[in-house]
Amino acid sequence: MAFRAAEYERYTGPRSKRPAWWPLLTATLQRGWSSRWVRRITWISLIQGFGLCVLAYVLNDVVPTWRELTERVGEMAGAEDEIKLDGRVYLWLLNMFVYPVLLPLALLFGYDLISKDLETNATEAYFARPITPASYLLGRTLAFVGFLLAATLGPMLMVWLADYATSEAEHFQEIAKVPLGITLALSFIAVVLALFVQAVSVLTKSGTWTNLIFVVIFLFGSAMASILYNMTDNVDMLSISLLHNVFVVCAYIMDELPKRQDYADPGVVFTVMSGIGIVSFMILMRGLRRRSMLG
Amino acid sequence: MNGVMTVTAFAWRQRVRGLRLLAPLAIALLPSLVLLLGLTFGHNPDPLNLYRRFLVPVSLYFVLPFVTMFVMLPVLQELYSKGAIGYFFTRPVPRWQPLLGLFLGGWLATIPAFLAAVLVPAAMCMAVDQAADTETMTNLTEVWMQTVGGLFGVLVLASLAYGALCLLFGVWSKKPILWSFFALFIWGVLFGTLPGDGQMWSLHYYLFGLAREWCGITEIWTGMFPPVENPPTVFVSLMGLGLVMTVSLLLAAFAARQRDIL
Amino acid sequence: MSAPAIKTVGLSRWYGEVQGLAGLDVTIQHGVVGLLGPNGSGKSTLMRLLTGQIHASRGYVEIFGERMTPGHFKSFRVLGHAPGEDIHFENERACDFLLLLAKLGGESGASARDRVDKALDRIGMTPKANVRLREMSKGMRQRIKVAQAILFEPPLLLLDEPLNGMDPPSRRQTLDLVREYSNTERTVLLASHVLHEVDAITDHLIMLHHGRLLAEGQLSDIRNLIEQKPRRATIRGKGLTQIAAKLLSEDRLSGLTMEGDDCLHLDTRDLTKLLLELQQVGADGQIETLETDDQKLDAVYDMLVGGSAR
Amino acid sequence: MSAPIIALDGLLVRYGKFTALHGVDAIFSGGSLGLLGPNGAGKSTMLRSILGLVRPTAGTAQVLGVDARKSGTELRRRIGYMPERDAYIGGFSAVRGLAHLAEICGFPKDDAMLRAHDVLHFVGLGEERYREVSTFSTGMRQRYKLAAALVHDPEVLFLDEPTNGLDPQSRARMLGLIERITKDHGLHLVLASHLLHDVERLCQEVWVMEGGKMRLSGSISDLTAAARGARRVTIANDQGAAFHAAAEAAGFACSREGDGRSFVVHHEDRVVEPDEIFRLAQNNQMVITSIRPAARSLEDAFLEVLEGE
């Protein structure tokens, strides 16, 4: 190693008045992106979206009558519900993105959010600087939500645009409400998930335990929910399961909730999800405030 | 043996003092929560049946592996990860003594959690389960005592074997959480619940064997129990558990001599 | 006791491809011995090998004539050890922690309690006996670490950076304790980075560098062995030019530097002669201060480690 | 001279029932300040209030003429704080992490990156810029923390145990760096350290705290003023005991220090002159290897203050 006797210099350049959470947001995105598995999942998701765009083009332009064809097939198979393909397809699509993309990303990316900072004691480096616990949390959560949305909402909107551009005009009426619906659903789920993962990591202070607990809560939430549903025949019991809640939230916001009986009441589901979000937020603020006391 | 007792007391103290017992207790009380919701919202509940059909499996699937992990893993990991185990291993006693002490202390600390997991739901059920005349009452109490005692026995014995596994991973590996999760949950719970002959190789198979005998779950398929044509006898089950515990402890003692501290 | 407190023969340890210690041969009899060396020079590796916490890749250690291996627990009767890492029994009260170790050492009941009280008293922590380690400052935990090492008053005491993080009063107290402890024909091996504190309590040193033994012995002997460097005396006073002229004419010096009007650096190969000469001059009242480099551990350390580092 | 760098006025901090600071008054008008005190003296609480992270129960802490409680965020832009424990941004290279921290202090992106490179070169981590901090050794981590405290060009530097755990070379290097920053670039320094040699070398002023109270504030040279014309003398090997006897016989009071070869020689009613000592040695065929005025070390002075009450 060589020692270069560089001299210390005072800084005379400009200082911007930008809020402190902005650099945190960009840095968090960067840090998330530098993880190999996060990158892989995101790419897979985007490629999937692109593939579906191509599919939409093929269906709309090459086989314009595919809709009627499918509906006829559905009637022949004896489907009970009246088949309303368009919105339902998007709900199905949404779930295809939420379960294999959103949940693993939340796990992998969530580790980066606070666990790593606690492990390397980065909070001490942050809070000695002009940043408050609230803006720290804002930067981190926004980055997390933004990333999750980019990996899920991005491809979905792509598909929607492709569908819209290639299909005939009246079809637009049927799918007009879709973008708003999926945006709202995904944003809500992403915010709750982000807060929840961070709260768990503040409590456990360890990345491995955080991931383990996250998995356990998802697995056992579902198991418990079905046991309880069996025991009581009360559908609202299913709102214990986060996986179930995610589905109901998506379906409700998109106004595509199936008419079958085994779904909890959306009101209960939203209360449970918001409750998780709010409790997580409170745990986080408390934990971070304590961390901001240096030394 | 003085050394073993001292460390046992230490490990017990470590696990029980302060808020440390909160996490295992929270896990242990989950069946109670399930039951509470079930009793409140369910129609026409038969508490004993409820207890046998749902709470026994929930305790075995969920409470057992996670309480054991939450209690046993930190016992060793906290000491090994910071090199603090050196304070025990630089004393004029052989290394297996402090290890055995940690194991026993950790195991003792799981007992309050298991007690809570077993007794609280039972108390809730019994409060609901009011029999008409005294004769059936005594009879029913006996059945309840058998079921509750049996479940407690299974949990406590099982946590000896699973706890020994956790101890082994704690001494032998630097990532004991992952290994224990794999061993207790995937190999134990999931593998043991699969139908077919493969489940014989999972420790959980023998736990179910014990639970069938002791908790009075005599049918082949009850609630969430996996279907088994020939459930293992109590003797075979106890041998299985004892074997796993002994082998794990011996391997842990061996690993402790081999592994460098830090 | 005839067998040396510590004897290492060709002691080596690798961590994968990283070299911790390479072929160390030292013998330590008794008294306080300072263990010095930059970070990563193998001090902690040596300490861990001496206490049987890790296996040697090659070579062996003898403690009072007995081979030390991780399984050889009987040797721990004669050995007290304060490791360099923080203590990490956060939930324990100081007295409980010490009592636990006392009982592991084979004592029980009242006699264990007695040992704990004595050790706490020695480090001046009796009033803090019931405080949990988590609530203590780092310096206080360091003292508890020393207390557990002297619990059984072992004839061999190994202290790895015991002063790190201590506040000045505790530093002084611990150094006093070490000094006192060694007075009774016992051996203390003290690893430290703070040279002036090592300097204050011992002249016997072991210096490690890059995992190898750099020097071992009395400070002044070590200094004498470094022959390629001339010895330096620095004087301040009045009329230094005349002194310089006189010394130069007598051909005693190998170098001479004047710093300002009142400071003179004199380099020589025969320091004692020069000092006697200066004493003569000094008796006439011309010298205000006199300093020589071999008295300072910093200087010797710099010569040995500073030159070869990087 | 404008406003003082730090002005504490009746600063009182309570955590629940526990009083961490009992109304401290002190003024630091610039230069280098050593913050001394045993563990638990209230140093870190004071630091927190100065950084505006703790709301004082009563009194004020003014830093650079600004009330720390009201505008802590603005103040932390102008203060560089080096924590005692390791603290870095995981998952980033050293230089990227520093640039990120500078951006948080309001540096534009490009300036932040430039500045991060410069500061890392300055602390001698130029070659390791692109490595992750988790791979650094103790000495490198300490220098990295110093760089992190400097990266946003603060006006005041708070260093908490910057030489803790460093080997002698790294320590000398760290002290050299701090000296350059403070002497050549006019940054004000507040140094909390248990190594009083470091404080003695770097600082002109000290605050001594104990039990949440300010026990003493003043300049180091006053504290360590030579004690009544005494001399510290070192004798060549094996002659310590003989010298001791001879000096006592000649009417000096002679106290032994440390290794047995150093003595502090003084006389009850007059200054001890060096020539007397030299003559004494000459008459007894001894060799004196060093002699200098027995200034009190800062350590002695500090311990004396603590024992004072």
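We call the chains A, B, C and D, going by the order they appear; numbering starts again at 1 in every chain.
One rule holds in what follows: a contact is a pair of C-beta atoms (placed from the backbone, for glycine too) under 8 Å apart; a residue touches a chain by one contact, two chains touch by 3 or more.
Since the model is a prediction, treat every value here as computed from it, not as a measurement.
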Steps needed, at minimum, to go from chain B to chain D via contacts: 2
Which of A-B and A-D has more C-beta pairs touching across its chains: A-D
Please identify the chain with the largest separation between its CA centroid and the CA centroid of chain A. C
Distance from the mean Cα position of chain B to that of chain A, given in whole angstrom: 35
Distance from the mean Cα position of chain D to that of chain A, given in whole angstrom: 49
Taking each chain's centre as the mean position of its Cα atoms, how many Å separate chain C from chain D? 23
Could you please state the distance in Å, as a whole number, between where the Cα atoms of chain A are centred and where those of chain C are centred? 57
Counting only residues that touch at least 2 other chains, which ones in chain A make the list? 1, 3
Which positions in chain D are in touch with at least two other chains? none
By the touch rule stated above, which residues of chain B touch at least two different other chains? none
Would you identify the shape of the chain contact graph, picking one of line, ring, star, complete or other? ring
Pairwise chain contacts under the document criterion: A-B, A-D, B-C, C-D
Show me the residue ranges of chain A that touch chain D in the complex, using the header's touch definition. 1-4, 6-11, 13-18, 20, 23-24, 27, 31, 34-35, 112, 116-117, 119-132, 292-295
Show which residues of chain B lie in contact with chain C when the two form their complex. 2-3, 6-7, 9-10, 13-14, 17-18, 20, 78-79, 82-84, 86-95, 98, 257, 260-262
Name, in rising order, each residue of chain B that touches chain A in their complex. 30, 34, 37-38, 41-43, 45, 50, 54, 58, 61-62, 66, 175, 177-178, 181, 224
Within the complex, chain B is touched by chain C residues 48, 51-55, 70-71, 73-77, 79, 81, 83, 85-89, 91-92, 96, 100-101, 103-106, 108, 148
Within their complex, chain D touches chain A through residues 44, 47-48, 51, 53-54, 73-74, 76-77, 79, 81, 83-92, 100-101, 103-108, 111, 115, 118-119, 121-122, 124, 126-128, 133-134, 148, 150, 152-153, 160, 180-181, 184-185
